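Below is one structure, written out as structure tokens; the observations come after it.
Chain IDs A, B and C follow the sequence of writing; residue 1 opens each chain.
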């Protein structure tokens, strides 16, 4: 493991900024979001986790697919340095790796490039993620339900632990190890540092909530399809898109042409399965016409469908939706309610 | 890098109005570039994203058959904002097309077997593609039966071709309308009822496409006759936006209609409550 | 008071005077409450009412998402002053029949604003919030601070003249009566003193934070259109991007659509994940309506909606000649 003194972080970042476009948490209004930094001092570390997830680095809320005019279509040429993400928590690192399964690959035809997303790949394939351990997880964190934890290194390119005076670096991926070799400001860490790291880890892990066993979730969900539990869960949902837009793994989008007089751009925009128009067809028919259907869809997609297709839950337990939901529809409660739901129990006739 | 979001440009060559109300039009398109023409290889049942830049993009099943060289046909029902704009198109206009997308009717599996095609209203588009394809390779297939229903005689699409198919003796065509009208000499009654009456061989392959209510009532009839779920196919419609399995709008269960379909066997749909 | 509230609700349920009662229960986050739908006596045991009961629950009466007023013959609902005004608005606008709603009024001492609490502790996570007199103690993992309650109460509450339900079927607790807030439009007047450039800069910087999640619209009791103009695509009125111009159009049109109809409950402000100052424009519109038409939304169930009436003597100086 390597380390640098905290006072040298800016020097390191300046060095990295020569070769990379560096994204890090910066102040966005009263909250933190991942944005490209022009100066190491732009970085804002005051919040444990950026309130807006870093998915927007690779999958912005609005992204131009191409420009069109009467002459035809053209893709705006982008010459960018590779992306480097600094200060990412493991829940978000994992989310980005999940999204790559969707955008970077083609599950039904892995060899066909037309099914891979070029806009994602252009940014993602050369990117590198500095995953920072969480010394003080929030009470809304529940990554440990998904087998992860505040000091989970998996998925990182470079794993970073912030100790009292230093940042300790550990290369995880080949890409990460290569980069660490090239950095000029680092020194080798010693046993004392390792002790400090394990001490921090122990403390952080102890701050995590009790683990809820979610192993039954995937198989149980389809059996609940017609159960009244969905009425109960969805009753308070107001069908806004706050949870989906704040979620690091939600990735559904809309495509819209923006322009006039034959000139403009086709853009893709984040969308949410909570919105009634998400599935509305031109005929007026809506396959998911009510809130119950839509809330069920979101839960099914996260904890059943995605696992069917990609082998993992589409949730990393970051807890952002818990914080942001205007009616406190807490996904942790939803998961627990589903797990504890008794199938075949008698339902009063008037429900 | 290959870009699945980028349409190729095609020219509208012919516009055919299919019904007196002018709500259904068939557009015949040709390729502008030679390499687009060469690269565009498709099978019956696949779909395209059809766009007019600035107005938006919508998915449509390809109505032409791969055996009809160098052109693509789409039949468009005017319902929303994009289809309205498409209906304004005139010969010579340039449009964007992405595709071919999705899977196709398993014509390879059908080889040597009898095939029943059941369609309703303007959802006959990819069924036309399938039928034309099979007629071009007629000797590959056994008995071909077509049941095609519409609310009234005006609402059949491809009327000239229907007449020609009706005259052929290597194909059985049952045309039916919901309620008798003067001058109509073919069948009367809903598609499910006709399906029951015409005595189909349950060992056949079946392909069913039409409005949701038609599909809903036809499938149990096929089951009753004894068709095997694995041999009955349908093509699903959802609001596909990206067409390449990313945008999530066409999800039914864990399947995405755009990449896992649009063609599914009943066997595959059995455990997906959202499918119908 | 809470026990009386629970007993009243239980009685209503057991005597079948209502099919359902909407109230609040303790939320899963410190200092939060969550909507509670009460259909049995046991459900009522979860009821709470305090300064965390932020949501204007009347939104559940009309929204496409649940349409309580259609699902149930008679709906009971626990209302603060602003919430009750929403029900008056619904009745005036023929969205619900007043006789189908049973209003349980409660005395409101104002509710906490999430945004202000976060600001008071620099965005750190809070673990507890406790009120004692006019002070509020906020605790976190490594801090405990006490602030005057006006620092964390919603602006809508600080400037609220009608904390008690004016319209109710039963009132639990001691009403606070109409409050003299001196100048409810103080913030708007401050804003108006700025130059137009400064005002534009402020509006731009606030609305550029919008992520177009529509939480503001979806929690708003006055926004009950089955199809919102932003969702229409034939014609498409505005772009769907989160770019500032599109976002500003969305918010300003929403302000106009709720002109003379906004009860200043503050639901939009607290629902906004981007913490946009949504109130400045809605209050500005409210002030205009007050000055021009001497009208305040949701006060009089027999008065026609201000935007649906016209009198010849009304000021018309806004019409350009």
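We adopt the following convention: a residue touches a chain if its C-beta (ideal position, glycine included) is under 8 Å from a C-beta of that chain, and two chains touch if they have at least 3 such contacts.
No experiment lies behind these values; they were computed from the predicted model shown.
Judged by the touch criterion defined above, the protein chains are all mutually in contact, each touching every other. Chain pairs A-B and B-C differ in how many C-beta pairs are in contact, and the one with more is A-B. Seen from the Cα centre of chain C, the chain whose own Cα centre is farthest off is B.
In this view the innermost chain, defined by its CA centroid being closest to the centroid of all protein CA atoms, is A.
Averaged Cα coordinates give chain A a centre that lies 31 Å from the centre of chain C. Rounded to whole angstrom, the centroid-to-centroid distance between chain A and chain B, based on C-alpha atoms, equals 39 Å.
Remark: chain B and chain C have CA centroids separated by 50 Å (rounded to whole angstrom). Residues of chain B in contact with at least two other chains: 56, 80-81. Shared contact sites, meaning residues of chain A that touch two or more other chains, fall at 254, 256. By the touch criterion stated above, chain A contacts chain C in their complex at residues 28-32, 46-48, 51, 61-62, 136, 138-140, 235-242, 244-246, 254, 256, 258, 267, 269, 272, 275-277, 290-291, 322-324, 326-330, 332-333, 351. Interface residues of chain B facing chain A in the complex, by the touch rule stated above, are 1-7, 9, 51, 53-58, 79-83, 96, 212, 237-239, 241-242, 244-249, 251-254, 259-260, 271, 273-274. Taken together, the chain B residues at the contact with chain C in this complex read 56, 80-81, 84.
Across the complex, chain B is touched by residues 65-66, 68, 72-73, 75, 102-103, 106-109, 113-119, 121-122, 222, 225-226, 251-257, 259-260, 262-264, 266, 268, 271, 273, 278-283, 285, 287-288, 297, 300-301, 304-306, 308-309 of chain A. Chain C contributes residues 27-30, 32-35, 37, 39, 55, 59-60, 63-66, 115, 118-119, 122-125, 127, 141, 209, 211-215, 217-219, 231, 239-243, 267, 270-271, 273-276 to its touches with chain A in the complex.
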